[in-house]
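Order of writing sets the labels: A, B and C. Residues in every chain begin at 1.
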Amino acid sequence: MIEIENLWYVYESGFTALKGVSIRISNGEYLAIMGKNGAGKTTLAKHLNGLLKPTRGYVLIDGMDTRDYSVAQLSRKVGYVFQNPDRFLFAESVEKELMFTLKNLGFSESEIPSLITRTLNDLNLSQFRNRSPFSLSGGERRRVALAAILCANPDYIVLDEPTVGQDFYEKERLAALLERLNKKDRRAVIVISHDVEFVADHIPRTITMSDGLIVSDGPTNKVLTNQLIIERSNLKLPQISELFTLLHEKNSHIPRDIVNIEQALEAFNKLTSSRKR
Amino acid sequence: MSVFESFKYKRKDTFIHNLDPRTKLIMVIVLSAVSLMFFEIVPLLIILVINTILIAIAKSLREWYYTLKGLLYLLILVFVFNYFLVSPIFGIITVLRLLALASSFSVFFLTVHPDDLTQALIQMKIPFDYAFSLSLAIRFVPTIAQESQSIMDAQMSRGLELQKGSLIQKARNYLPILVPLIVNSIRRALQIAESLESRGFGAEEKRTYLYELKMRFSDYLVICLFLASFLLLLLDRYFLLQYLFS
Amino acid sequence: MALIEVEHLFFRYSRSNHWILEDINLQISSGEFVLLLGTTGSGKTTLCRTFNGLIPHFHRGVYQGVVRVAGFEVDKTETPKLAKYIGYVFQNPENMLFSLNVEREIAFSLENLAYPKDTIIQRVDEVLSLLNIEHLRHKAPYELSGGEQQLVAIASVLALKPKIIIFDEPTANLDPLTADYVLRLIKRLNTVFGITIILVEHRLELVMPLASRVIVIDNGKIVMDGPPDEIINNQLFYAIGINVPKIASLFNILNKRYKLGLKPTLNIYSAANELEGVFNDRD
């Protein structure tokens, strides 16, 4: 469990990025943290693996107070996947990239080979094992970056804006991977994003932030359909929600808390079958 | 607030800020040369006082204070080192020289906008391509600094511990920081080149310059003052002015 | 004469052995708002680069065919000379801003093309007021937010008053509201100032309703070319792998599953009307 209690953070420049944030994340949860650029999402995320230490308040990762542990120690539990893979790929081969993480995090020589093989398989990167990461395409490099963090099997995975600039196939692949990590491998997945459509499609819980404060925290189809919350969080309604808001106004039998196509189809089914009496 | 505070340009309206960058270039050359020329306490103290006054006129004493704070440990180290290696006096002298040099450069960097520096170089007949490269380098310093911080964050998140280990280990630890930094810089350079082409860079042989520097009376006055003082000091230092007046 | 003419264009990068662009034929007229779509690696950015000469002059490779922009043959004209006619706003504004000061940044292109000082001063004022960024005049690029940087980048390209502007994923790093603002600005440039726009974007919900023409590239070939309403009625659109706007996608699925014969639309209000009709029918 991750417990964030009354977290305040003030940057050296004097800017207060977090103003008393409290959140609980249980093992195996899947959630999104949303808000406009500058709302404090990344600042918050960096507290999860100790890159930033609280100015006030505390952050507990499975009972470990982040102020008492180094980033390296916390990284065994919390894997942070940065947005830009080119920020940290540097090794001669994909295999060596994964080895770097595993060695640094203290895995033994005997454990490492199997962890590498499994991760490469899971992410469809086996054929690139001995290739230099620099010779791969953008999407492939992103998967390598992901692999370099996932190989350590962290219990909590944080992804910073993982969908920027990606087309449909890439997003679906990512969503499938995250779903597998969450459902099958029982890892907590925390996605920081301002991509309303992606979150609406795939992520069950949403926390929205604005100006260093939490605006809302709840099921995605309640949070992202609430006009007030959307406004205060500087976001936009998912397109399907916009549609159903209009439909609901015309006909109150039509439900309003619909955020994606799947839910829309379900609603449609229910309504039309209930009419067939 | 770091030790670099008095080497960063801040827009202010002071006599020194309003001088032509070429004037200030001459000022800093003279001041630095004098700092290096003398091995006695009194002249070095005088330079330091002059520079402090100049910084005060430039309304930048606060920034100078932060730099001094940041340099404190270095200065103490230098003093102690020279005290034992040579003599106490030499210790004081070396510290004063360091301060004199630092303050000379501060006067320049606090009051010269990097774009004006570029313009100064261009008007001193340095080809635009070279002057512009310098300008780009200066412009991207904060960007690259931020990027190296991001890279460090990312690698620390993979367990990299920069502080641990022997000296050799510590040096090796910087490889995962340097490689992405260099690769990204090259990528960035390519993108910048594309942008430059798309913005007409090199389209015409003779460019227009929006801001042209013009020397004013105050500039010539200051230059004459500095050059005259420098000449006198040179004579005094190397040719013993006494002979002329005895 | 069309503003941009492409005839039998083939291109591959030197280190590659398959065509990145294969037999592209295209004409874009003055005043169009063209949305260029395609999956990652489909060739859309490559195509954009052929319009302002970055291909073949900056990126070498094997180039066949003709591209004519504003009357100039691109492979015979250097990119800087084309800057007056066609501007390019790249994805990452950080690498498009060279000066330490917004005012100088906007003047940069004008200086390069040796405009007289008075014109430069006037244009800078014009552009700052047009984009409502007069308050940013003396700021440095690294002091600006992502959205502000993007606006300054656009301003500095606009300063030359080009006939065409290419926008390559301009909202990639922006949050939804800022992205909306920038896209509406781009639309205004088209409707109010008549600038021909070529926009590469992934976030179609915001952008598709704004375009007058949609060109879809797949594997280096143009596979669809027409007005947005026509495109969303074409089954191919849903099969390629682009981020189809959600309502269009919903209608497509409803049609397939329930044989409803709904007309896919990009407009939320018409969509609501149509669906409401369906719900009422089933009563």
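The rule we apply is simple: contacts are C-beta pairs under 8 Å (C-beta built on N, C-alpha and C of every residue); 3 or more make two chains touch, one makes a residue touch a chain.
As the structure is a prediction and not an experimental result, all values here were calculated from the model.
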Overall pattern in which the protein chains touch one another (line/ring/star/complete/other): complete
Label of the chain whose CA centroid is most distant from the centroid of subunit C: B
Intercentroid distance (Cα basis), subunit C paired with subunit B, Å: 42
Separation of mean Cα positions, subunit C and subunit A [Å, integer]: 29
Residue ranges of subunit A in contact with subunit C within the complex: 35-38, 137-139, 164-171, 194, 196-197, 234-236, 238-240, 242-243, 246-247, 250-251, 254, 260-261, 264-265, 268, 271-272, 275-276
Residue numbers on subunit A that touch subunit B, as the complex places them: 46, 49, 51, 70-72, 75-76, 79-80, 82, 84, 86-90, 100-101, 103-106, 134, 148-149, 152
Subunit B partner contacts - residues on subunit C that touch it in the complex: 52-54, 57-58, 78-81, 83-84, 87-88, 90, 92, 94-96, 98-101, 104, 107-117, 120-121, 124, 138, 141-142, 156-157, 160
Residue ranges of subunit B in contact with subunit A within the complex: 147, 150-151, 153-161, 175-176, 179-180, 183-184, 187
Interface residues, subunit B side, partner subunit C - complex: 11, 113-115, 135-136, 138-139, 142-143, 146, 188, 191-204, 206-211
